[in-house]
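One chain, chain A, links the two complexes that follow: it is found with chain B in the first and with chain C in the second.
This part shows the complex of A and B:
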């Protein structure tokens, strides 16, 4: 197979590298380290961080792309012409696709309910009876893959599901127990106490890190994850959509889109907001007037309108230059990045205004005047005195904006100006579910699955944002 | 002053026994106030005196059961007019707050709600406690405002807090507190945020109201001058305990606890002029680490083994005078006789040193912009023609009320603000005409020490980086190793451990932070240091340490100080020359003796008379200044001071007086001295 690096992949891994570098830098700075330790002690914060980490892992798995090598039809020809260059598929797959290939490939004809063995709607089925005569009946057709291992004995389905759940529970307990024991051993070694004592400290929350919350969340994740895995092998756990694709697969693919929108957009927005805000607040005068004029104008244009116009223009450019893209995935990816860029350029005003106000306050502080009295250059004052004292606002805004951007993507895709239609995202899933809900009987599962996954992601991000704000806000953190 | 008749028939209003207050911190409780007992009778003022962090305010809030969420009353009894306050249900407690005892807070600017009218806020109390409403309440509010000395009270009723000055807001707060005729008034640092002239007015008002209404008063303060003016009895708090309790006269004539004696000795005073002030080594112990024995033992010069092992109990040492100290018997009152020998020679005898700073006709104008196009429609003349002369090794104090432009002068000298006119010459070089590069070279010759040590150090930088920044920016050191040695040297110079360079500002107390700020200024070896109220945010004992440090640095390095302050005791202690500012101009200038001993300008006279003295009999007659300091955007015609001056004449309103030289050094701008 041939690896493919999409633009968004590069940005995502760049972000991961930046986050690691920041974490390493934080370890060396005692103030930042103390703040992150406060986050580590917060139980809701660490619980939501664990959930987020799960999402991030899914997203990262989905960010390693490759084109699979096409197997030549006749092996003898392949053997005779070994020097012929390998042929790769047009389709770009990710590591996640490879892991989930059973889910990806086992498509039914159309809708089926979660865990169903038969389709959602009746169809005319041709049956050949004993006499060899073809008879037409209307019934729910049997699914091609869902519950196929049961054979004709469909009544065994409930017992089978129960059995699988029990097995999942047992495995989850076993894995979790091993993890918890390993944690306790590690703690016992670090704090030089007995194993039992370490165990007690974890559950009485007397450690410097909210271990108990993390372990509890891991237990829940393991339970749900292993149960899903056990069931997904032979069933469509969340049912299938209109074209028969597994909804669980779609939901997992949506995670990456949401993360890219949330993270890359802030990456675009942050330098603009920080630079313009700080410069406006520090230099005042005509610079301030200009920047204020810019963001006041920008924020008075209705946001959706501006984004719609930009997205439509971008779409025209992409459609008129098909030669730019080798694969459909590249085109969808560029469109996603362009959306991030447009969202970023239109949403920096809020943070910019906040930072300008804070800088106005900071520049009157005496340590800034002391630096001016030392003839320290303005840029140096900005970098050494103003920016570090704004960092808490930036971090808080970053984490809080993430969740609102994930939601914004869903709204924009619903309106039809979001990501490429071929790209799976929470927004496109909800958009498709719009008409399904109007059917009778309603097709509710695809909307419900998208809702549950997005809700968990945004809730975890919001809770983490709260914990981060509490830890970084100097007024809440107590003695500064 | 006729409190003596009351003394016989006074009835105990408030009785506090063994009150203990703790603050929850994580899983543990930290004792902030430990078994405090006090009582206040009608017509009596008990002053609780102590440094910050001693539990004074916590005690006052506990009496009203208004402690913050983390605070707990862990024991004791509070009985007020025969009722046990700690056992009252919350509904009845609301009747006691305001109705029975009322509180005045420190900061008048934040104690009034900015979106409600004055009349509304006074009437709120009347409605709640007296059931008055409508025109009745309004009439009563009018009476109250008149009683607290607000002129034109009818108009003020409909005004909002932002339309009043600080002193007036504090008067309104007092009116609100008095509205429901409380029997006990708790005043928590009522004058700390005000200027001396305002402070004198408020103290006079409180004294008058107390006599009129026979109220009991609990005064919480750190200012010995305020205590001397207002108190009948004094309780000294240290680290959550009352350590000495005495009637005022015996308190001021013979303080018995070593802590109290040190507090007196730490006050800058004329008697110890030029010498070193007594300081109390160390700091108040933290709540988490209270010593087992006497809490003051670690800082006490007389402590012996017994002090560290056993907490002392009350000893009676005079009529109603008791003290918690083990060595009461062996310790004679030392106040007054403990002055250190005068260290520096009198300023007058030294030969005239070369001038370091010379300011002529300095003007700083801030434009007032209005309208869509932000056109300049006028100027705030913050500094309007100030001339100063300062020689090497000398200290020039710039005094005046807040808003008179003192700090603006300091910043304009440093070229941190655009100068509208006049010249500033440092070591003979004209700063206004300098290029940026030349100014950079001159910046290392002058530095500034700021008022608030908590705002003047960047919390995100280590101390070493803070101090090193100036050296690096001005290029006084070459390599890193040399720089580290220089930082260590300057830290030692200000009395800090060189290891402090690795730590961050939040790990230091207020006094230590001010030392770091001084070290930062000294690191570039300046000739002129501008000190902008460097001690006003500090406690008395720490203030003494900083003043001593500044004095010894001046002797060692020959620094010139431009000392901006409103504290006359500090001026008296430290300065050689004094310039009094009013509304952007200097009204009187001379040596300390000339200006403080024989003030000539009516404004100087009024300022000096407003300073509360420790000895009541020495207090000069208070010259009351009517009105407020006018806006510098629209100063009065003629002499700026004439609308508030008792000796104003016709010419005063017509033109600004010329500067008149009274002696070689003493000059005044007033028409009384043609």
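This part shows the complex of A and C:
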């Protein structure tokens, strides 16, 4: 296989590297360290961070792309003759696709209910009776893959599902027990106490880190994850959509799109907001006037309309230059990035205004004036004295923006100015599924699956944002 | 006050010009009119004649800023910038792709938009402020805690789900009101009630939480302690003192939105088939009708600036200490 590095992949991994570097750097800063420890003590914060970590893992797995090698029929013959250059498929797959290849390739014809063995709608089926004549009846046809291992004995389905769930429960408990025991052992060693005491401390949340919340969430995630895995091998756990694609696969693929929108946008927004905000607040005068004019103008255009206008124009650029893109995935990827860029350019104004206000306050403080009296250069004052003191605002803004960006993606995709229609995202899933409720009987599973996964993601992000804000906001931190 | 208003209006002018330039740059400089024509007519198999005709029909065949072929003032007026962008200041938005006058269309669609947006706004304000006061009254109790949890959960649901779910339950399963559509006259309430209720419900989460923080900040102040010390009941303190003092931060967020109500809500209107400005915008986006989108961007920013000025004026009503010179 040939690795393919999409632009968004590169940026996502860059972000991961930056986050790790920042985490490493903030170990030495006592203020940041204390704040992060406060986050670590927050039970809701850590529980939601665990959920987010799970999503991030799925997203990262989906951010390593490659083009599979085409299997040609004459490989045996070719092996003996001279080596041919490898032929790669046009289709770009990710590591997640490879892991989920059963889900990806096992498409039914059309809708089927979750865990169903038969399709959702009746169809004319040809039956050959004993005398060899072909007879047509209308019935729900058997699915090609859903529950295929049951053979003709479909009544065994419920028992089979129950058995799988029990097996999942057993495995999950086993794995969780091992994890919990490892945590307790580690705690017992660090705190130099007995094993029983370590267990008690974890249970009563008397540790410096909210272990019990994390362990509880891990238990839930293991249970759900392993049960899904057990069932997904032979069933369509969340059913299939109109073209017969597995909904679970779509939901898992949507995670990456949501993460890219939520994270890469900040990469665009942050430099703009920080640089312009700090410069405007510190230098004042005409620089301030100019920057204020810039952000007042931009923020006075209603966000959705500006995004719509920009996306429409980008669409024109992409459509009139088809020669730029080798594969459809690259085009969709560039459109996703352009959307991030546009969202970033339209959303930096709020943070910029905050940072400008705070810098205006900071620059009048004694230590800045002392630095100026010592003839420290402006650049150094900005980098060494002002920027570190704005860090908490930046961090709070970043985590707060994430959930709103994920929500915005869904709305924008619905309006038709979001991601490429071929790209799987929560927005496109909702958009495709919104008319299905009107069918008789209603097709609800696509929407329900998108709802559950998106809701968990956004809820976790919101709760983590609250925990981070409580820990970093000096006004709140003083009270706690 | 009058002098202040005049000055604010004058300040607004450069911002509007900036908005105008930004949209102009977006629509005409990033893409040449040729690209737009190719896009509209289909990328493949498009003849230069067809492009030229498309441009001539819409007046996009002129130079961008300076028309050197013309004489006198026409050097500047006979250009795309003047005919498409500068004339928006006079309320002339040109024609849409289907040949209708955009300005007239906007005026006729304002009614339905307001009919939904105004009740949603007022009812939403009433409901969320009442709920926030309730949570503040029972602060630091289980009701408060679970109320906030519920708010965060409601915040985390995409607005799309509120609309889709509401339509499904109320209109399809319970068959209480029509799923979508719009009617004038007295029967209109049937069509209005569901979008209004959904609009209010979907806003409860974030607004209630936001107002609650504002109230809690106020309640920690000294004047509240004084009010309690002189024997006022907690309810009187909340309504007479806390609510009135919290009005300033509330107004900051709320008044700006009032003029934008004219624009309607994109999602609600398109889901419920209301012939308002929101669905007009969505239709224009889907049909890639650049002229309409441009007009809506301009109107949106005008309304936003009006909202900012209104916010300043509203401050003087709730806080007599604020005077503008």
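The rule we apply is simple: the second predicted complex is superposed on the first by the 473 of 480 C-alpha atoms of A that agree within 3 Å, B and C clash if a C-alpha of one lies under 4 Å from a C-alpha of the other, contacts with A are read in each partner's own complex, and residues count from 1 in each chain.
By our rule, a residue touches a chain if its C-beta (ideal position, glycine included) is under 8 Å from a C-beta of that chain, and two chains touch if they have at least 3 such contacts.
This is a predicted model, so every value here is computed, not measured.
**Student:** Please work out whether A:19 is in contact with chain B alone, chain C alone, both, or neither, and reply first, second, both or neither.
**Tutor:** Neither: A:19 stays clear of chain B and chain C.
**Student:** Return first, second, both or neither, reflecting whether A:30 touches chain B, chain C, both chains, or no partner chain.
**Tutor:** first
**Student:** Which partner chains sit in contact with A:86 here, chain B, chain C, both or neither? Use first/second/both/neither.
**Tutor:** neither
**Student:** Mind working out whether A:127 is in touch with chain B, chain C, both or neither, as first, second, both or neither?
**Tutor:** neither
**Student:** Under the stated touch criterion, name the partner, chain B or chain C, that contacts more residues in chain A.
**Tutor:** Answer, by number of touched residues of chain A: C.
**Student:** Under the stated touch criterion, which partner chain does A:389 make contact with: chain B (first), chain C (second), both, or neither?
**Tutor:** first
**Student:** Looking at A:415 after the superposition, I want to know if it touches chain B, chain C, both of them or none. Which is it: first, second, both, neither?
**Tutor:** Touch partner of A:415: chain C, not chain B.
**Student:** Considering only the touch criterion stated at the top, classify A:371 as touching first (chain B), second (chain C), both, or neither.
**Tutor:** first
**Student:** What part of chain A is shared between its chain B contacts and its chain C contacts?
**Tutor:** On chain A, no residue contacts both chain B in one structure and chain C in the other.
**Student:** Spell out the part of chain A that touches chain C in their complex, as residue ranges.
**Tutor:** 293, 296-302, 304-306, 308-310, 312-313, 315-317, 319-320, 322, 403, 407, 410-411, 414-417, 426, 430, 434, 437-438, 442, 447, 451, 454-455, 458-459, 461-463, 466
**Student:** Sort out for me which residues of chain C touch chain A in the complex.
**Tutor:** 14-15, 18-19, 22-23, 26-27, 30-31, 35-36, 38-39, 43, 152-153, 155-161, 164, 167-168, 172, 179, 260, 263, 266-267, 270, 281-282, 285-286, 288, 290, 293-294, 296-297, 300-301, 304-305, 308
**Student:** Which residues of chain B touch chain A in the complex?
**Tutor:** Residues of chain B touching chain A: 411, 414, 416, 439-440, 443, 446-448, 450-452, 455-461, 466, 469-470, 473-474, 504, 506, 517, 520, 524.
**Student:** Touching chain B in the complex: which residues of chain A?
**Tutor:** Per the touch definition, chain A meets chain B at residues 30-31, 365-367, 369-377, 380, 384-385, 388-389, 474, 479-480.
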